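We call the chains A, B and C, going by the order they appear; numbering starts again at 1 in every chain.
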Amino acid sequence: MAEKPILEMRGITKYIFDSYGVAIRNSTVRILDKVDFDLNRGEVHILVGENGAGKSTLMKVLGGLIPPDEGEVLLDGKVIRPKNAKEALEAGIGFIHQELNLCGNLSVSDNIFMGREIVRRGVKDKSAMRAKSAQLLDEMGVTNIPPETLVKDLSTAQQQIVEIAKVLSYDCRIIIMDEPTSSLTQREIDILFALIDKLRAQGVSIIYISHRLEEFERVGDRLSVLRDGQSIGTLERRDFDVDTIVAMMVGRTLGAMYENRHVPGHEPVLEVRNLRLEEKTAPISMHINAGEIVGMGGLVGAGRTELAKSVFGYRKCFGGEVFYQGRQLKTLNPADLIRHGIVYLTEDRKSEGLVLDMDVAQNISLASLFRMFPRFFMFGGKERELAEKTVSQLNVVCNSLSQLVRTLSGGNQQKIILGKCLATNPRLLILDEPTRGIDVGAKAEIYRMIDQIAESGVAVMMISSDMPELIGMSDRIYVMRGGAIVAEIQDKADMTQENILAYTIGKNA
Amino acid sequence: MQNTLEKSKGTSQSLWVRFLKNHGSILFFAVLFLLSSLFVPNFFTPRNVMTVIKQAAVPLVACMGLMLILTTGGIDLSLGYTLGLCSVLLGMMTKRYGIAAWQAIPLTLLIGAAVGLVNGSIVQFLHVPAFIATLGSGYVLYGIAQIFGKGDAFYQLPEDLLAFGTSRPLMIFAGGVPEEAMKNGLIGQILKLPSYVFIALIVAAIMYVVRHKTTYGRNLSVFGFNAKTARLSGVRTARLNVATYVISSTLVALASVLLTIRVNCAQSNLGGSNYTFEIVTAAVVGGTSLAGGVSSVVNCLFGVLVTKTLENIVNLMAVNIYLYQPLMGVVILIAIVLDAWKNRKL
Amino acid sequence: MRLSKRQSSIVTAAAVIAVFLIGGAFVPNFLKPANFLNVIRQCSIIAICAVGVTQVIVIQGIDLSVGGNVTFCGMLAGLLLGRGVPVPAAILCALVCGVVIGLISGSLYAYLEVPAFVATLVVGQITQGLAYLFNNGRSFGGFPKSYVFLGNGSFLGIPISDYIMIVFVAAGIFVTTMLPIGTRIYGLGGNEQVLKNVGIDTAKIKLFVFAASGFCAASAGVLLAAQLDTAHPTQGEPYQLDAIAACIIGGVSMSGGEGKVIMSMVGALIIGSIRNILNLLAVHSFYQNILVGVIIIAVVAVSMFSRLRSESKTAQFTVVENGGGR
């Protein structure tokens, strides 16, 4: 097609940023590195990449949720800089998030017209709004959603359709769909795809983020691959080929970051038998030996974090038995498990791992107070000693031990959480994304620490979405999908990114 | 923005500013004390200063309890009514049934603990927001107190009970003090301080250790700041939360005993919602964060002193006594606004 | 979900009927017309407060300033009437004050992000305290006939107070269901981010809601003073708990986003009737307080529990369709 693209993104660069969207000072970590992307009228452009490849960030830039540090976005050849979701919407860019962006307690038509209610003589014109909603849905070929239904009474697929309708009501010509099929059944997926075809025919352009290779040929016109924040390439539909795509997605070689010295032992520290994460998911059985690093592969939402939290007693699970050092754990709760020597390094460091408004020393001693001060009183300098030891051991960069953790960089925060976990003298360490969002230097240091921990005989379960890390560190890998373990890879030789990715996205399931 | 954040929270800040931010209530009290000494007649006399201290003693005990609950991020709106219930029960036990003070006082504290257990359990296990749970339980407690007391008051309490709070422990040192100094001098006033002041100070000292030097106190902060992190770091959060309500209400019961002795009258109307509010004000002026996590015994001590000094000034200046309550409201309003300002802008 | 909502309305309706049946069967005078009119007259104050409080709870707030506000505005009206201010002017003045009071707690909540219960507690205490100042803790009385008529007069056999209540409830229903702001209020309680994403200034909605609650409480205060022909600095206090209880009984969810004005009025009727029955049975107000306190805690606990259960039921994973064994 010689037609000029409706949307162009040129040289988008974004440095790592904090939760306010403000760049971390002096950060050199680029989430996006001069990414180019374009979208034609009436096409479905698939965006793929591993977790953390920068897809979501790129789309957030486009959707006005975060500003780019460099680069520009051109819509119809004109530069736009949407400052928030509303401006992006008005410019014609609609974003359909993975999580629900509707008010469940309101009706479909109220949701569609939120903020732009149709008013007649000062009063909300309900019938007009309903008629228009019905018309919108009708044009989309959807007839089974009455506009007066409450959104929370709809199925997930119907809710997504309502979101699409809401976006279309803004006359959006570009719709971003972030993993729209991740929680849909096959029938609902078919409905969604039919809708996408219809929209495409009407000239709407769609950016479609997905992990499901099997869908690509069905919906996509073109496909772009992102890897480590860089655009790797774009394929036309005729070139869609699973092997090619997987090869483009992986590619990164294992560096010298992983120098494993630990030797896995043989007696199991943790054994899980037939544990179910939900009533209907397949039972999970797994084990971890002393001194062994067991990697947990899979997509975000595959149930890895849920498994860790279930084992750690933080989340309800359905049936199954957990054995720890040969004895069955009857009741699971974090406080007892920590005292038994199991500790969990959380995925979300800010809301589950640290107390941001407390200082370095206090955060390090957080989980081991019971051990340091068994007699209730906290006199003496034990806490400071521990903090000093940890800070020097893990090479934490901070002004003083009484600096608030909030003001530290992500890497240093992560080291503090690791220090907190290690201070409990664990025999089983569960790590959930231990290196997410931190720079390369800190990563290498954390890998070295994990290796040392395993060397001292601690069993390590490591959840990671970073493939090289998973392969580089693990002695064994379990791959999870849909709340169940779908593969166990024991042989180092089988631990290839292609192989894991294939299990992850269910190619050979 | 990142820059200012680092600056404000880091060590580059001057000691002064940090002291002010962490101990605003001390400055507040100092300024208030200085100004009233200069401008309010009869304020700066040994007798009056001791009056303020005596008036501050009982609220201090209650404030220590409430401080703990506020640190968890909860609140106890039933505080004043717990106080009334304990008072009336203490009066009944000692006056109507003739139970000796050494038995009646522990029993009263137990009743307080039971109230706390109920409140804490409602909040922790029934997941009712603290303000609703304690608002509701406050009415229940008030009703119970009135049923027991039938609206009456018990005056002229037994001597053994009064002795617990009104004896003057320092008088044993009074030997060599001249009579004139004894009557009007500062030394005399200090020597004549009743035992409830010392009990309050002992409670504050114990609470200082509990709040700042024990694992319980530390975990309390952790829980208040971030309950999820607390639980995932092995804090027994349910037990901690309920225990806090129990400790708090026990302290309120102690405050009730002391107040009952101080006014020599046991009745269900002692305390009430105004009292709750006064204690909340003292805690908030004392820098306790309503969002949880932040509190300090020393600051709360000065918070109580600020509220009581204000009350004293209102009394001395012979303005309308009803001015006190709205004044307290304005004071807490200022404290809240300053707190919001401090957290965002400074 | 939908069923459970209908069920809850049915339960509430059943509660009304039960209260009236029990009252009628066991309490001699309960269903006599004179008493009945008295009940609904008393309920009107609770219901008017509840109209405002409903909105506040819907946006996940709470209004603990209702008691103080009712007292304050009643006393203010009393003060002005005592000074010879004409009745309409005095009423207007009191109502404006109520709105301002609501705006103060609303700004604390919306702009300083002070928790709603603290903001309104403080404002409630200030207003309560000021009410004592008006006449040194004494009450005002002996109001003009036209003012007292508002509270005690009746038209076509029905108390004027109840016409006023109906106006408030109707206005509440109109605002929440017919106006755009009503949708936004409920949306705010459901998912604030959605509103922010389409560029709605949610702080303004919060201000509106608190101001409305202040207005309702002020009107209730004015009406209460007229009913009693006195304005006393403690008379508003019981309405604090009753108004919240009415909303909660009427099915307003403490977690926000749910609740109807009309059901809160029903809740007010239940609370008012229970109080009346207990009065007729000569049960002391002590026991009444206990009962209302227990009801509040129980109803909130039940609603919190059912909510938690329904949340834990939503599955997080899609089951792997083609069987995901090893």
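Note that contacts are C-beta pairs under 8 Å (C-beta built on N, C-alpha and C of every residue); 3 or more make two chains touch, one makes a residue touch a chain.
Bear in mind the structure is a predicted one, so any value in this text is a computation, not a measurement.
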Two candidates, B-C and A-B; the one with more touching C-beta pairs is B-C
Relative to chain C, which chain's C-alpha centre is the most remote? A
How far is the middle of chain A from the middle of chain C, if each middle is the mean of its Cα atoms, in Å? 43
Provide the C-alpha centroid distance between chain B and chain C, rounded to the nearest whole angstrom. 31
Rounded to the nearest Å, the gap separating the Cα centres of chain A and chain B is 47
Help me check something: in the complex, which residues belonging to chain B touch chain A? 1-3, 5-6, 9-11, 209, 213-219, 221-222, 225-226, 228-236, 293-294
Across the complex, what residues on chain C touch chain B? 62, 64, 108, 112-115, 117-119, 121-123, 125-126, 128-130, 132-133, 136-137, 237, 241, 244, 254, 284, 286-290, 292-294, 296-297, 300-301, 304-305, 308
Looking at the complex, which residues from chain A come into contact with chain C? 84-86, 89, 100-106, 110-111, 114-117, 119, 122-124, 150, 152-153, 182-186, 277-282, 301, 303, 306, 316, 481-488, 506, 509
Which positions of chain A touch chain B when the two form their complex? 18, 20, 22-25, 312, 314, 334-335, 337-339, 343-344, 346, 351-358, 362, 366-367, 369-370, 373, 376-379, 399-400, 402-404, 406-407, 420, 424
For chain C, which residues are in contact with chain A within the complex? 1-2, 178-180, 182-184, 186-187, 189-191, 193-200, 257-258, 312, 315-326
